[in-house]
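Shared between the two complexes below is chain A, which has chain B as its partner in the first and chain C in the second.
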Partner chain A sequence: MKAITKNLLIAAATIIGILIVAVIIFPIYVIIVSSLSSAVSLFTPFQPFPNPLSFQAYYNVLFGSTARFFHRLGNSLFVSLLSLALTLAFVIPASYALSRFRFAGRRTLLYGYFAFNQFAAGMGLSGLISLYAILNYLNLLDSLVVLAVIYTAGGIPFNTWLLKTYFDTIPKDFDEAAFVDGASYFDVIFRVLLPVAAPGIATVAVFSFMGSWGEFIIANTLLSPENYTVPVSLNILLGSPATNWNLFAAMAILYALPVVVMYIIAQKYLQAGLAMGGVKR
Partner chain B sequence: MKRRPKFSLHWRASDSKPDEKSGAKQPRTLSGNVWTTNRAYWLIIPGLLLFFVFNLYPIIFSVYLSFTDAWFGNINFSFKFIGLANYQRLLSGVGTLFYYSLGRTFLFVGTSVSLKVLWGLALAIIFNSQFIVGRRVFRSFLILPWTLPAVLSILAWRALFYYPVGAIDTIFQSIGLPQVNWLGNATNAFIAYNIVEVWLAYPFMMTVILAALQSVPPSLYDASRVDGASSWQRLRYITLPLIWRPMLFATILTSSSSFQTLLIPYLLNGGGPSNTNLMVMLWGYQQAFQNFYIPGMMGQAAAFFMLISLIILAFMFIGLKVGGITAEE
Partner chain C sequence: MRGVVLAKVVIKNLTKRFGKVEAIKDVSLEADDKEFLVLLGPSGCGKTTLLRCIAGLETPDEGQIYIDDTLVNDLPPKKRDVAMVFQSYALYPQMTAFDNIAFPLKIKQVPKAEVEQRVKEAAEMLRIGDLLDRKPRQLSGGQAQRVALGRAVVRKPKVFLMDEPLSNLDAKLRVYMRAELKELQKELGITTIYVTHDQVEAMSMADRVALLCQGILQQVDTPEDLYAHPTNMFVAGFVGNPPMNLADCKLLKEDDSLFLTVAKSKIKLAESWKEALADRESDEELVLGVRPEDIEVCMEPKENAISGEMLTVEPLGSEIIVNAKVDDSIFRMREPPEFKVSKGLVWMCFSASKMHVFDKKTGLRILPVKTAKTA
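Showing the complex of A and B:
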């Protein structure tokens, strides 16, 4: 009798779980369905299943000339990968130093980065006004390289914290032993620590990539149409009544794909980073 | 197995180098020499410099901008210092939406944060239940909203809310409910903002609460079951007292992000209809970058962000206090 009650409870709870997940992923389902439908405009009523099933939208996005998706995708990729490389180059040494060395100003810097993290968005927009003025003066407004540098600079406090916390979990014996064997700082960072810290570094890399890949406001403010990244052009695409909704959906799916793949691969680490929310200790 | 430090000539030689500043003063232990060093600065300064030039300095400069009459016409550094005029105009409330947007935003913080906490708590409890088969798979799906780029999700929601043919209205019609003009009506749009904000941000609440729930020792529940406690009593007297601190911390963080909501109003309907749902960040952005052809607007926007930052500072201060308490445990 008790076993039956338990099985019933399991069935009921699992069904409730499935229902909740279904409601939550409904918006994602709608985009997928629309991307697989043939020419739907925003004014066509929503259909729960693609009827007839068509890959025309994907074909148009990838090989058609109107949406220029490849061009946009190239812009986004360029900015995100450049920013990723810069982030690693600047963040790894700094977080190593913050984790291993004790020096004057260390706590101040750590707390400064921490506080900035919480404060960033509000002040960041205000900084964007100055940045606009300065870049306008230097004639650098519409540059993808500058955009990548801005993204990198914006992510330094968070990424440094994140990696510093990861370095903290690696026992000091590791590098100590290498020093004793006569290794230089350079050797210790590149040959000893980096292989051990690979998961932490991967997390920073993914956060950095996802940050630049998804950033909208700064790109929208600084870039001219020729240099638009994918999120900016998605907004413009949806804003125009002439847009085919299935084309938008296909573009959106392709845009989300790299991020989702990354998420699936690095899920464990990313969830830890999410729980941290940029704040730890 | 731990490696014992080997005796090494190389190390000894570098240890006694005369140019090694720290060498003489510090105790002659390995830790003393290796971990306390000025070389750390060379590793930190490049990143700090980049951060300073492209992030901190613009913010500091915008403090000055807030005392000027900057707009698009004079943004090439020909703007003038005008003292506190921007602040006076904003605080007087005459002809500006300062107090209105602030009020609307605090209303949004109140509603969206309550919904996020309740929804996050409910999901965490449900998906921590031993009765759900395949909890891990469920949780992977539940975190999806956090994974996707926010712009994409918000634009998808905008299409879902599209009146009268969007997915939501189509479903409403097919089950006999009246169709709702989601984004064309002040109250409905406000509800839509809340829905999207909860959808975007609950994974954070849920993850924090789930982590806290999993740290509750199961023996406590077993003991309470023996004593005949109901499941409500277990939730009220065991679970909640043990998870309220991480929850409080997450609530403060998520309040701050609700207060700073920008993409949701901007992408859904531009804070409309006709500015009825203008949130503070959006209004600041509009002043700076959409109305910048109006003289003085960029300066006024900078001043506006200064005032808003004071409020965010308060959030942060409370967060640090509560966070400090959490860290001590």
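Showing the complex of A and C:
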């Protein structure tokens, strides 16, 4: 009797799970079908399969004159990778210090970070306007480097918290063993802890990259068409003069591809448990 | 393996505080060149803190630490030329056993060929030559332990510091590793300071044992002397398994003779005690201590014996531990396996020379004149 109830519960949970996944995946499916159709309107009845199958939209995005896809993909990659590098350069030493040292103002800094995140999120549009005003005054509008710095600054508090929490789970014995073995702080961080912290760093890297890659509002406010990133150029496809939905869908998919690749690369490092085995607890 | 280096560790009046808690209180201690010194004590007694101060992982608040006659208080761990084996082993999980052992040499930028040779030497000595390409998670506890030792040995440091390195091994392997570690230390001739809470480990491995309690050094002595001549009640009760029997008693002065009264029993003290107890009042409270193996359990009333009520016996094969109740305390005695178990009253007899007397207030041992020994 118990076994039957248990099996029924498992079956019900599985069905609910499949339904939830279907709801999440359906829009993606619609976009894929749209991108492979010759012409689509949002108002025609939805077709489950592209009929006829056409790669014209992809061809137009990649090689058409209006989209300038590779140029804008390059802009997006530049901003995201620069921001990723800057983020890691600040976040790794900062989170190590916050995890390992007890210094005056440590708690204030940690909770200040947290408060800053909440505060900045609450500022919304007014924050964006003041940012625009300041950059305009400093003559720094329309620069991809500045955009990367802004993304980095925005991501540092959260990512530092994240990695600090990860460092907290790595036994201090590793650092101490290395210090006694003759290592400097540099050796300890880069030769001993970073490989152990790879899952944490991979998570930070994914968050940082995704944050910059997907950001639209600041990029749209600060950049001129020459420097547009992909999300901004995706936006200009909307309603000009009538939205070409299959072009839009094809660009959206091409834009999402690097993120998929990034996940595949990071997955190897994202698996936890690397720190286990070296110390006996 | 190394040239003639006298690696003596001298600790002078060391105090270490964590906030308001004094973890180590004014400890002075020396480990001689090539000596195996064990820091023994219950959890929280400050032994690991003391070891970490020597390693340079903690900064003492007062006092000095000298290694090889050099004051090292302000030197970072890497400049002290000490190697440490951690309780957790702290093997770097991303590195193979080879890389773990080679790590300190690589940090020092020792040439590659020499690194390989020295790692192989150390691995052979520890019989882990076939495990060198394994990652820590692929090693058993005993193997990981050896790799951790290898990482210390390969350095050829002045001093080995070991923080309960055997406590994570199973009982059988621990006994085996004890002997092996001691042999290794003698072979290498490197001054070793070893922390443990296990008194059997301390007694079986140490040249000398330093016993700590609540941050205070209680006694430093050879295992034999620590056992035979404890300076106070804490040492008497901590060392030995089962520990020394300690019973409250009163001094009785009658007609120029001295007695101790324990519960309803009266024990006559030898002449040699007279001088030591001369300035003490009759009825003063003292503590009597006798080791379990120094007591013979008798079934008939005897003079100078303590009477008690038989409780339980614990047959251990090679011996029997007998428990008897004397007033509120339990006496434990080590008897031969042929000991006949009975119920009711028993009398615990012991030779006067095997008796220890402590001051109840200070806990210090009172010494009879003849066998006086300064600790």
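Going forward, the second predicted complex is superposed on the first by the 224 of 281 C-alpha atoms of A that agree within 3 Å, B and C clash if a C-alpha of one lies under 4 Å from a C-alpha of the other, contacts with A are read in each partner's own complex, and residues count from 1 in each chain.
The criterion applied here is as follows: a contact is a pair of C-beta atoms (placed from the backbone, for glycine too) under 8 Å apart; a residue touches a chain by one contact, two chains touch by 3 or more.
Every value quoted in this text rests on a predicted model; they were computed, and no experiment measured them.
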With both complexes overlaid on chain A, does A:S224 touch chain B (first), chain C (second), both or neither?
neither
Between chain B (first) and chain C (second), which does A:T5 come into contact with in this model arrangement: first, second, both, or neither?
neither
Touching A:E176 in the superposition: chain B (first), chain C (second), both, neither?
both
Applying the document's definition of touch, where does A:D187 land relative to chain B and chain C: first, second, both, or neither?
second
Based on the superposed arrangement, let me know which partner A:A252 touches: chain B (first), chain C (second), both, or neither?
first
Which chain, chain B or chain C, is in touch with more residues of chain A?
B
Looking at the overlay, does A:N139 come into contact with chain B only (first), chain C only (second), both, or neither?
neither
Could you say whether A:L238 touches chain B, chain C, both of them, or neither, answering first, second, both or neither?
first
Going by the contact rule set out at the top, does A:T108 touch chain B (first), chain C (second), both, or neither?
neither
According to the stated criteria, A:P195 is in contact with first (chain B), second (chain C), both, or neither; which is it?
second
Chain B/chain C common contact set on chain A
173, 176-177, 179-182, 274-275, 277, 279, 281
Give the list of chain C residues in touch with chain A in this complex.
55-57, 76-78, 82-84, 86-94, 103-104, 107-108, 135-138, 141, 144, 151, 155, 161, 168
In their shared complex, at which residues does chain A touch chain B?
6, 9-10, 12-14, 16-17, 20-21, 24-28, 30-31, 34, 42-46, 86, 90-91, 93-94, 96-98, 100-103, 106, 109, 115-116, 118-119, 121-134, 136-137, 149-150, 152-154, 156-157, 160, 172-173, 175-177, 179-182, 185, 210, 213-214, 216-217, 221, 231, 234-235, 238, 245, 248, 252, 255-256, 259-260, 263, 267, 270-271, 274-275, 277, 279, 281
Quick one: which bits of chain B touch chain A in the complex? Just the residue numbers, please.
2-3, 5-6, 8, 10-11, 30-31, 34-41, 43-44, 46-48, 50-51, 53-59, 61-62, 65-66, 70, 75-77, 123, 126-127, 129, 131-134, 138, 140-153, 155-160, 162, 165-167, 170-171, 199, 203-204, 207-208, 211, 249-250, 253, 256-257, 260, 262-263, 267, 281, 284-285, 288-289, 298, 301-302, 305-306, 308-309, 312-313, 315-316, 319-320, 323, 327
Interfacial residue positions of chain A with respect to chain C in the complex
171, 173-174, 176-184, 187, 191-192, 195-196, 198, 274-281
